[in-house]
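In what follows, a structure is listed as structure tokens, so that the remarks can point back to it.
Chain nomenclature is as follows: A, B, C, D and E, assigned in order of appearance, with residue numbering initiated at 1 for each chain independently.
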Amino acid sequence: MEQESSQATSTSSVYDTKQLNLWYGDNHALKNIDLDIKQNEVTAIIGPSGCGKSTYLKTLNRMVELVPNVKTSGQIMYRGRNIFDKDYSVEELRTRVGMVFQKPNPFPKSIYDNIAYGPRIHGIKNKKILDEIVEKSLRGAAIWDEVKDRLNENAYSISGGQQQRICIARALAIEPDVILMDEPTSALDPISTLKIEELVQELKKDYSIIIVTHNMQQAARISDKTAFFLNGEVIEYDNTDTIFSNPSDKRTEDYISGRFG
Amino acid sequence: MEQESSQATSTSSVYDTKQLNLWYGDNHALKNIDLDIKQNEVTAIIGPSGCGKSTYLKTLNRMVELVPNVKTSGQIMYRGRNIFDKDYSVEELRTRVGMVFQKPNPFPKSIYDNIAYGPRIHGIKNKKILDEIVEKSLRGAAIWDEVKDRLNENAYSISGGQQQRICIARALAIEPDVILMDEPTSALDPISTLKIEELVQELKKDYSIIIVTHNMQQAARISDKTAFFLNGEVIEYDNTDTIFSNPSDKRTEDYISGRFG
Amino acid sequence: MRYIEHDIVVKRMNGRNVVNKLFKSIFLLATLSALLALVILLYQIVSQGASHLSIDFLTNFASRFPAEAGIKAALVGSIWLMLVVAPTSIILGVGSAIYLEEYAGKNRITTFIQMNISNLAGVPSVVFGLLGLTIFVRALALGNSILAAGFTMSLLILPVIIVASQEAIRSVPGELRDASYGMGATKWQTIVRIILPAAIPGILTGSILALSRAIGETAPLIVVGVPVIIQFLPEGVMDTFTALPMQIYDWSSRPQQEFQQVAAAGIIVLMSVLLLMNSVAVFIRNKFEKRY
Amino acid sequence: MGQSVQEMIAQSKGKKSKKFVEKMIPVLLFLIATVSVLTTIGIMLTLIVETVTFFTRVSFIEFIFGTTWLPFSNLDAQFGILPLIVGTLKITLIAIVVAVPIGISAAIYLSEYATDNVRRVIKPVLEVLAGIPTIVYGFFALTFVTPLLQSIFPEIKIFNAISPGIVVGIMIIPMIASLSEDAMSSVPKSIRDGALAMGSTKFEVAMKITVPAAISGIIASVVLAISRAIGETMIVSLAAGSTPKFDGDFTGSIQTMTAYIVQVSKGDAGYGTTIYYSIYAVGFTLFVFTLVMNILANYVSKRFREEY
Amino acid sequence: ACGGTDEGGGTEENGSSTAGEVEGSVIGDGSSTVAPILEGIVEEYAGAQPGVQVTVGVSGTGGGFEKFMQGETDFSNASRPIKEEEIAALEEAGIDYTELLLAYDGLSVVVNAENDFVDNLTVDELKKLWVEDGSTKMWSDINPEWPEEEVIFYAPGTASGTYDYFNEVILEEGDIESTATLSEDDNTLVQGIQGDENAIGFFGYAYYIANQDTLKLVPIDGVEPNDETIESGEYAPLSRPLFVYAKNSSMSENEAAYDFMQYTIEHAGEMAQAVGYVALADEEYEEQLAKLEALK
């Protein structure tokens, strides 16, 4: 841990992707991706449908390997270690890297059990510590006040926006280093969306966040850096301000101004 | 037919919606809608998710009645006749009003049979006439050249964008008066989207088109009039230029500039 | 303050992975043990009956001499039985399924019919035999005819076909329905031209599996009183007949050891018919699996 | 095309007959749908009428609580159904002990571990097991399983509850495996992904997420399998013997309700004798059993249904 | 395939073929014990009269009579004489019938092949063994020289005609030993007795014949069942007659039914022997034919 964090502060980079290629069978979905993602920043990934945003995100915690016939080449250095290394355990990687999905996907259990799930599988059984973790995570996801009196209710009994924050709290409960979010607000109403956006701003103090979104305004509002993907390639990667005010690539400009997508 | 079309030219309006309300059970989904839709124009309907865009569209051809427990009040005058009239046959209404859906939904039949479906169910059996209709409709949907050699293949063997144009051709085959489109490009790639947009521009010469879209740029690009829905109400309805350059309602402006949704 | 010690997590990871592997093997073993049972069963039958299998076995009537005993009457009888059962049960089953899925409102009657169907699916086949004996054989005076046994079997598999057809109809995407209604099609047009064609693979698979149950059922035939000693082929649905399971059952209770092999050969024929039907079902299922 | 399509449509005939068809079809289909209800009524009537006659000769109390089933006795025929029920339960118990662990394990393997291709092969092959005629299983029990058991445990008799119980178990494995697998695979992939993304192993996902989420389907499949085991006829007729016994012995000959019906059906019961009516009374009891099991299955799948 | 008694029945056969080609259908049902005889006859008859369709069910003696009463069958096979209640029911239904004797069966009592002490049993001993009296039965209870081992019983199912006959002549008013393993399927009895040193059981002669190498036959009162002793009735009381009950109206109205019945009597002896039963004396068959002819 020490060695890693020391390295992290020196470069302040969490993920360094080098020449990543990915194929679904014959479909070359990611092409020569190079992307250096910094600590305690919000990195947005934008691009038209099918350009590989979700695929890239799922590669970062190796969830993409659940799809049959996936092949990769290149490296993804996470905190200085290549996650594709043979002896890198995926489960371990995933305890460091939380993930929030497009549709809220709480477990069909009580709110409490949803949050406690991660700590429990990682061996924490002490009821008091679990209670503390649950409260802390729910507070962290800015939903403690709304659910504190109904922790034993089924997580599906609350609204979609609340469910999504439960999912964020669930990810926080294992105290990850990075949080990956795949269009976390696309299934939500405007007000819930705003809440989540505020939350992301809040979280970046403690975590590094990578967020996929098809909503350019959202990317502009909340991210520090933005990567624009097109047909599996990174077209442009820069500070969000630069991307939105002064993109260097014509295609980025076209996409941002709504000429396609 | 004569009486109707004479009326149509005098007012040049196809649909005149008056004080339309709609409930899904207790959910008041459309509230006092007033909307006058003109002939040979493209009318865009925009608004955040769940605001009632699809519901309104489905009310125009009474497809919404397939949902159990739907209640409506108010009037929709189509070519001068209230479609909610007891003796108005829905089947007849729907032969006048074609519909194209969000996801391409060809029938699992050959391309030919897809297009011939409408004419056939309405009693046209003559093979030669059917052949003519199929060709004309496919040409009308700008896809004849791409599929003319594979009319007997299953409609699912072609790409999503082509499928969507097949669905448009299918609607054209019964020569409707109005075409309703519910986010017809949201499942398509940018290039297919462009093709469909061009097609819509082309079709408006012969048809009146009402199109729901969540893509504001698309609405701006292709429509003559735009209606902005919010929470089941029409907030603003005006020429597209006016809506996008100089909206009169603050909420319209907020939505268009991406402050929510 | 941190609750999760990543070092500890990493240490425990090994054990958790071992448990995962262990249980994966256990689950796999369980699956294989079921398959092993199948293999042993098939081996038993084939090793006993293969020697008796020949063309003559298929073309001869039953005989008191084991060497000459053939399965013709039973095989043809079973085919006749299926000729009654298949249309009857499929028409009734698909009709009911269409009614329940497309027409019936969500009311008490529908719930009642639905409950009734799922209950009927659990009624033992012997009890259907009693029904067939009382209603078809006696009350309607159909006697030991193909029709009486066929109707009994049809009712027996009716619930299975209804449920399978309902599922198939339900899995036709709503968008197809919408598209058809959107063109001004009536409900019945939509059902006949769009929904049924799209649901046919599911309906067929379900029906074939149900029919293969009907072809192997013995108990209802015994209760209904299907005869076994027959030296002619039926010519119509009102004729008496015998069926494969009855013939097998009869042979196996003969004193001469040779008849045990004849019975095993009969089982091979029955199983071949079944496997043929199942493969057709699987073929249909895999062929049409992802169509939209 | 001289005319527009709309004009052709307007001219096309058959509007009236279309309306008539649209009106008649639902009525016709409703009638068809009532066939299943009529079947149930038919079964109930058939069973009840003869059962009532039965109870004019045998007291209801004796039937329900009697512990001796001796219908063919010369001295004192007795119709206490408990021995037949006990026989049925012995078979069911063994079948469940065999089928539930194997069936659910196979379901977990197929839904959580197996690749699509493996599943596509194994599932139908397992379903072949469910399609094998029960008479074939009966001989398998009698000529293979029983001798095998006897060679290990010599105290087991030629007719016993264990061998047919095991074979009934084998027969219902695919039912449990297939239905439970359906229930587990219908747990949304997104929920599973959620758990995997937190660093769960597949085993943890299975035990902590999928199985609990699918529990209503799993239990329902077990309940259905139980009712199938209760109703199974040929296997027990062939391999379990025909000795109704009210005791806890699994190694000797027993008789189940279904086997009794078959025994009498192919046997010597004269029409109009008490024995003849008794098969309807037993059939009715069996019907009640399966009815209860079904109501239970229904209740269970409602009660334990997890929302997602 | 017709050998044996062909000459004996030769003239009769000519007699039946004077009817020439007959057409029609005949339905029978009944005893599973009698079924093998009928199977052989039906098989041969199909060659002789291809225009006649014969079906024979195997619902058991009682099941057969049940259908007979319902008027569903033209004849009914039985492995025991008809019972009082059945006679009454037939009378009520207005069905007249004629009893025809087909063959004899000798219920054979057997023990395990390893059993070296039982060489004979008396009827009384049989009764002592088989009637339920509440005690656990040891071989030594019958004969003190025999081992003190528990006797294991195997018997045909209570619903069979075979059981019924044994019940009538041996058990009389008693119930069968409650520990007995009962099965409708005689082969399983054979297997059971083969596998158990202390087993005893009984079943039709045919099942003994088919398994005589692996079972030990027990003479009753010193008489072993065989063709002579069974036919002559010397093997008593376990020799039992096998019958077919013909419906009078069918015989007179249905030419095919009469023809088949005639053929049956003519060939019963031959078939009975072929499947392990004992034929009647020729005169007895003449007698049956005469009875039948009276119905024409």
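Side notes on the structure shown:
To be clear about the criterion, a residue touches a chain if its C-beta (ideal position, glycine included) is under 8 Å from a C-beta of that chain, and two chains touch if they have at least 3 such contacts.
What you are looking at is a predicted structure, and each value in this text was computed from that prediction instead of being measured.
By the document's definition of touch, common neighbours of chain A and chain C comprise B, D. Traced through touching neighbours, the fewest hops from chain C to chain D number 1.
The chain pair sharing the most C-beta contacts is C-D. The greatest centre-to-centre distance from chain A, using averaged C-alpha positions, is reached by E.
For the pair chain A and chain E, the distance between mean C-alpha positions equals 84 Å. In terms of their C-alpha centroids, the spacing between chain B and chain C amounts to 46 Å.
For this pair, chain B with chain D, the centres built from the Cα atoms lie 51 Å apart.
If each chain is reduced to the centroid of its CA atoms, chain A and chain B end up 37 Å from each other. Across the assembly, chain B contributes residues 95, 122, 174 that each touch 2 or more other chains. Listed for chain D are residues 199, 201, 204, 237, 265-266, each touching two or more other chains. Multi-chain contact residues of chain E (touching two or more other chains) are listed as 32, 58-59, 63, 70, 184-185. Pairs of chains meeting the touch criterion are A-B, A-C, A-D, B-C, B-D, C-D, C-E, D-E.
On the chain B side of its complex with chain A, the touching residues are 48-50, 189-191, 193-194, 215-217, 220, 257-261. Residues of chain C that touch chain A in their complex: 2-4, 6-10, 12-13, 16-17. The part of chain D that touches chain E in the complex is made up of residues 70-75, 142, 150, 157-159, 237-238, 241-243, 252-253, 263-273, 275-276.
Contacts from chain C toward chain B in the complex involve residues 105-106, 173, 175-186, 189, 193-194, 197-198, 291-292. If you check the complex, the residues on chain E that touch chain D are 32, 58-63, 65-66, 69-70, 83, 85-86, 89, 157-161, 163-164, 167, 171-175, 180-185, 188, 191-192, 195-196.
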